[in-house]
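Multiple structures are listed underneath, in structure tokens.
Two complexes follow with subunit A in common, the first pairing it with subunit B and the second with subunit C.
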Partner chain A sequence: MSTVEYGGYLPPKAKQMEIKKRVLSFKKGEEELHIHMPYPAPEQIQQLGSIMKTSAVQTMDTTEIIQAVSKVIDLLLERNHPVRIKAEMLLPIITGYDAEIIRLGLTQSLQTFREHELHRWLAVNFHSLSILDRFEPLQHGGYTKAIGPQLTAHVWAGNVPGLPLWSLIASLLVKGSVIGKVSSAEPFFIGLFCEILAEVEPRLANAMAIVSWQGGDSERESALFTGADAVIGYGTNKTITMLQQQVTPPAHFISFGNKLSFGLVHHQVLDRQKDEALAKQAALDIIRYDQQGCFSPHTFFVEKGGKTSPKQWAALLARKLQVYEERHPLRKLSIEEAGERAEWRNKKEWQESWQLFSSSKGSWIVAYGKEASIEPSPLSRVVHVIEIDNWQDMKEAVRDKRAVVQTMGIAAPVEELFKISTRLSAFGITRITSIGRMTKLHAGWHQDGRSLMRELVQLVDIDPSAVSEADAFNSYTD
Partner chain B sequence: MLKEDIQMFIERPEESKYTFNELAVQLFGYLYRENEAYQQFCRRIGIGSRQVRTWKDIPAVSTDAFKNTFLSTVPGEDCERIFMTSGTTSGKQGKHYHENLDIYDFSARNSFQQFVSREKRPIAILFPDEEEMPNSSLAHYLTMLREYQGTKDSRHFFTRGGLKVQSFIQWTKEYKDTPVIVLGASYSFVHLFDALEEIKQTLPLHKDSLIFDTGGFKNISRSLEEEEFYEKLEQIFHVKRENMVNMYGMTELSTQYYTAIGKGQKHIKKNPHWIRFKVVDPVSGEEMPKGEAGLLIHVDLANINSVPAVQTSDLAVEHETGFELLGRQASAEPKGCSLSAKQWLEEHNHVNG
Partner chain C sequence: MLKQKVVIVSGSSRGIGAAIAKGFAASGASVIVNYRHSEVAAREVVKACEKVGGQAIAVGADVATEEGVQLIVEETMLSFGRVDILVNNVFAPYVFDAENRKKAWEMEWQDYKTQLDGSLKAAHLLVQGVLPSMQQFGTGSIINITSNLVAHPVVPYQDYTTAKAAIIGYTRSMAKDLGTVGIRMNAIAPGLVYPTEATKHTKEVLKDELSDATPLGRIAGPDDVVGPVLFLASDWSRFVTGQTIYVDGGLVMK
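Take a look at the complex of A and B:
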């Protein structure tokens, strides 16, 4: 079956511009999908930027923006909503992920943008919810207002649906217009979201544009960056370096590079009651989006000394992955991805220090070893389980990975959890979760230890003196 | 015994007591017993000697393992020759140990006669000789062919100093009325193209002459599209496509594949009967249906001192008469925001220079 869809989003103000389309094609089994995406020429991108720079979003109150966004979220959480049905039908074809994984992932990711969560997100970043609307009093005197960039440019990467929501919503909440360039691996969902948002809140209609071109098109990218006050880029170090070179001051460049995450199982949690449940949670963190997320685990360090040995736990994890092989099959890999995975496997098979557990179909591989090191996995359900004497051994392993580590899933008693978190946070880890929640983001999380919303805004202070002096000029002053 | 049986099978398969399959399984059994590292590998992946019933069951060794593991039935000091890979991709060279080159040479001569030429002719070789490159299997192959298939007028035209263009031009003039064979690395021919371009010269050969290239361009010369490359050869030597042959060989193997170059045809690599290949799914290891791309595995009866089956990183498609090479597997673009092993390595190598 072959389906044609129109993706992306263009503001009503751009109607006259006659922006061309490019077609991105996807195939899963017998199903084919061709998505027509807006493909503006470099001069059209500049034009878009200048007409979008002033938009009604700047005149809206933060609570109004929150309400609009959360209304769309509520609609999309409704499983019978036609747009949700469409997303659930098309995203598995686009990304290759299992339909059930997509369904669960969408719900999970949308939930983090419900109204109360958006409030929390703002509260994490600003001392007052209205700081973007008006000057808010500071405890020590004076007033402060936060001003967001008028126009932000986003270059998204990867095929995990929903990830672009983070930077899009953050930018809207700080009252900036957004031009987003989607990744060719998943160009669809964010456009769908903008479409409904514009319907729900027409004042936001001219504040968003979702477009597409082949990554690395420097002519289009620099056109996009020319008018933007802030540029947010995602991708490999190579991509980010390339983007950065095209951003010129005063535009502010914010980037999120590819990251590596891992887990730790403390020996005290390894007993017959808990080991299996824990292996199941670990397996779920592996199969969600087949480890493509920056928060997905590459390695589980497992302490010796529990009732279940690290090797037994590796076997348990293998068994859980096997259970999911049928229920949530691995995405069909491109020949290149599969080849890299095979090459990795060939190497490991020759290293005596590793023992491999694998499905007969090869869909998952658990590599068990004892050398406390952390190396990236070739992904797509390939995970290391490393036996260690004590969690302290991990410090050496992560020492030179400061620039790339992100999430650490920990299964340990609470006292130990804080001890481990305190020690490991000195090595570049920026997010600690339970095992099974590594792949589920929490509203207001600090991606890579940073606060995107805070980085986007500029704070304007009214000094206490200005107010007290001004008092002297009031007509009613004696 | 096995060696003689294989030799017999190579030379006169119709008189052989054994089929390819039987010999491959026997060779596997022998190397499993005699090559310790191979046996350990097989055991680690759960394959015992009894589990191999057909040549397709033989565990294949990745080319990467040749870089880090000693793969031989006899100690290294008893090996007459070690062929090494160029190490272009990782910097580390793979080593293929040969106790002696009897079967290697026998295999090479027989396949050359079958696919290129049986007659002895003057041969020009655009590649260094084996004295200059003692660890190059290609240098040995070509030198050996010069000895067996070449007349006394045969010569090498490539040394450390590069291609000896003038002497080669001289040689082609001398033999322009005799059918000759020009053998060379693909990139040597490109160097020749460039040199002739400068002096605006062609080198017409006798119409029955043969041109033979191998090995691709390996970043040594500029890259050409296949079509452009062979067209250029036609123009320079005035030899038809039907008289051109491409050879596919690997340091880790002891037998070569050959492609007859035709105009507008798919370039199918054909195997001599004592080497076979399969194309497998990189994830499951299962054989791919004909016509679908996968990783290439070779089972070579002439590999009697190392390992019987070699797993390559080459992507290929199986056809009725052989395989079509799609090139070395390219690096995959990361799909998400997770760092992948390959990316990490690439970025690290980059940092280190």
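Take a look at the complex of A and C:
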């Protein structure tokens, strides 16, 4: 079956511009999908930027923006809503992920942007929710207002649906217009979101544009960056470097490059009651979007000394991955991915220090070894389980990885949890979760230890002296 | 072993029934794909059956009525001239909604009647409909789909489970009489099967609880039911009758 869809989003103001389309095609089994995406020429991108720079979003109150966004979220959480049904039907074809993984993942990520969560997100970043609307008093005197960029340019990457929502919503909440360039691997969902958002709140209609071109198109990318006050880039380190070269001051460049996450299982957790449940949670972190997130584990370090040995736990993890393979099969790998995986496997099989557990179809691989190191896995359900004497052994493994480590899933008693967290946070880890929650983000999380919303805004202070001096100038002053 | 056999699968446009129909087709059997309303889906199943090398026709008929059964049997005889295997898979439309189910004290006789009509009556009518052909050749295998809820009512869907329990009693007593004329009757009791039309809204938490309590660690998919059905349909099980096989990853052990 072959379906044609129109993706992306263009503001009503751009209707006269006659922007061309490019077609992105996807295939899963016998189903084919062709998505027509807006493909603006470089001069059209600049034009878009200049007409979008002033938009009604700047005149809206933060709470109004929150309400509009959360209304769309509520609609999309409703499983019988036609747009939700469409997303559930098309995203598996686009990304190759199992339909259930998409369904559960969508609900999970959309929940993070419900009204109360958006309030929390702002509260994590600012001392007052109205700080984007007006000057808010500071405790030590004076007043502060936060001003967001008028126009942000976003270059998204990867194929996890919903991830672009983070930077899109952050930019809208700080009252900026957004031009987003989607990843060709998942160009659809964010456009769909903008479409409904514009319907729900027409004042936002001219504040968003979702477009597409082949990544690395430097002509279009520099056109996009020319008019932007801030540029947010996602992707591999190579992509980030390339993007950065094209951003010229005064535009502010914010980037999220490749990261590597891992887990630790403390020996006290490994008894005959908990070992299996923990293996299940670890397997869930692995199968959710087939490890394509920066927060997905590449390695689990497992301490010796528990009732269940690290090797037995690796076997339990392998079994759970098999069970999930039957329930949520692995997406079809590209030829490059399959090649990389085969090469990785070959290498490991020649090294005597590794023992591999894998499915007969090769859809998942658990590599068990004893050398405490962190290396990237080829992903798509390939994970290392490394036996260590004590969590302190991990310090050596992460010592020179400061630039790349991100999330650490920990299963340990609470006292140990704090001890480990304190020690390892000094090595660049920026997020600690339980195992099974590594891939679940909460509103207001600090991606790579930073606050996107804070980085986007500029704080404007009214010094206490300005107010007290101004008091002298009032007509009613005695 | 199932080549050239003629199989009726009641309620086979979707879910478990569709998986069973395709399983038979892949083994070389000729399949009657029965549906009540979902004609488009039934045609898709027929196409899928043909693609894997079997023959198939779609017959729209409400098998809980005598006219419906007459129609399906006639169509089968016209197209294939005999019936070797019957799979009683149909049941009255039921939504497995644990959060909104009726509790024991809210049950009305009509609830039971609807479920009994949908499964036991349909099974009875279809069995009576195909017996003449099976008796003529002195052989036949009938497989009734029941549920592991009968043995382990994790969520006590009163009416549904009671009707499915009736199917087990029916299977045993029928097997005794039918054995004398060379016809076998058995039952398959799957656990929660996901995804199907009836279970697509089953909550994750229930699926997780069941998976955790199941030795094989997950809930069933429609395809898991196919193998045991093919086994009971074939001569591999020629000395098995009156039995109920649980297909639920070991959740119930009997």
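The rule is short, and it goes like this: the second predicted complex is superposed on the first by the 478 of 478 C-alpha atoms of A that agree within 3 Å, B and C clash if a C-alpha of one lies under 4 Å from a C-alpha of the other, contacts with A are read in each partner's own complex, and residues count from 1 in each chain.
Definition applied: a residue touches a chain if its C-beta (ideal position, glycine included) is under 8 Å from a C-beta of that chain, and two chains touch if they have at least 3 such contacts.
Here the structure is a predicted model, which means the values were calculated and not measured.
A.B. asks: Between subunit B and subunit C, whom does A:H116 touch in the aligned arrangement: first, second, both, or neither?
C.D. replies: It touches nothing on subunit B or subunit C.
A.B. asks: Let me test your reading of the model: by the given contact rule, A:I335 touches which partner, first (subunit B), second (subunit C), both or neither?
C.D. replies: first
A.B. asks: May I ask you to decide whether A:K20 touches subunit B, subunit C, both, or neither, giving the answer as first, second, both or neither?
C.D. replies: neither
A.B. asks: On the A-aligned overlay, A:Y234 touches which partner chain: subunit B = first, subunit C = second, or both, or neither?
C.D. replies: First partner only, subunit B.
A.B. asks: Of subunit B and subunit C, which one contacts the greater number of residues in subunit A?
C.D. replies: Counting residues of subunit A touched by each partner, the higher count goes to B.
A.B. asks: Who does A:L104 touch here: subunit B (first), subunit C (second), both, or neither?
C.D. replies: Second partner only.
A.B. asks: Please work out whether A:Y289 is in contact with subunit B alone, subunit C alone, both, or neither, and reply first, second, both or neither.
C.D. replies: first
A.B. asks: Write out the stretch or stretches of subunit A touching subunit B in their complex.
C.D. replies: Against subunit B, subunit A makes touches at 95, 157-160, 163, 185, 234-238, 256, 258-261, 289, 291-294, 296, 298, 330, 333-344, 346-347, 349-350, 352, 355-356, 360-363, 375-379, 404.
A.B. asks: Within their complex, state which residues of subunit A touch subunit C.
C.D. replies: Those residues of subunit A that touch subunit C are 79, 100, 104, 277, 280, 319-320, 323-324, 326-327.
A.B. asks: Within the complex, which stretch of subunit C touches subunit A?
C.D. replies: Interface residues on subunit C, with respect to subunit A: 195, 201, 204, 211-212, 216-219, 221.
A.B. asks: Report the residues of subunit B in contact with subunit A in the complex, numbered from low to high.
C.D. replies: 40-41, 44-45, 62, 64-65, 68-69, 281-285, 293-295, 311, 313, 315, 329-344, 347
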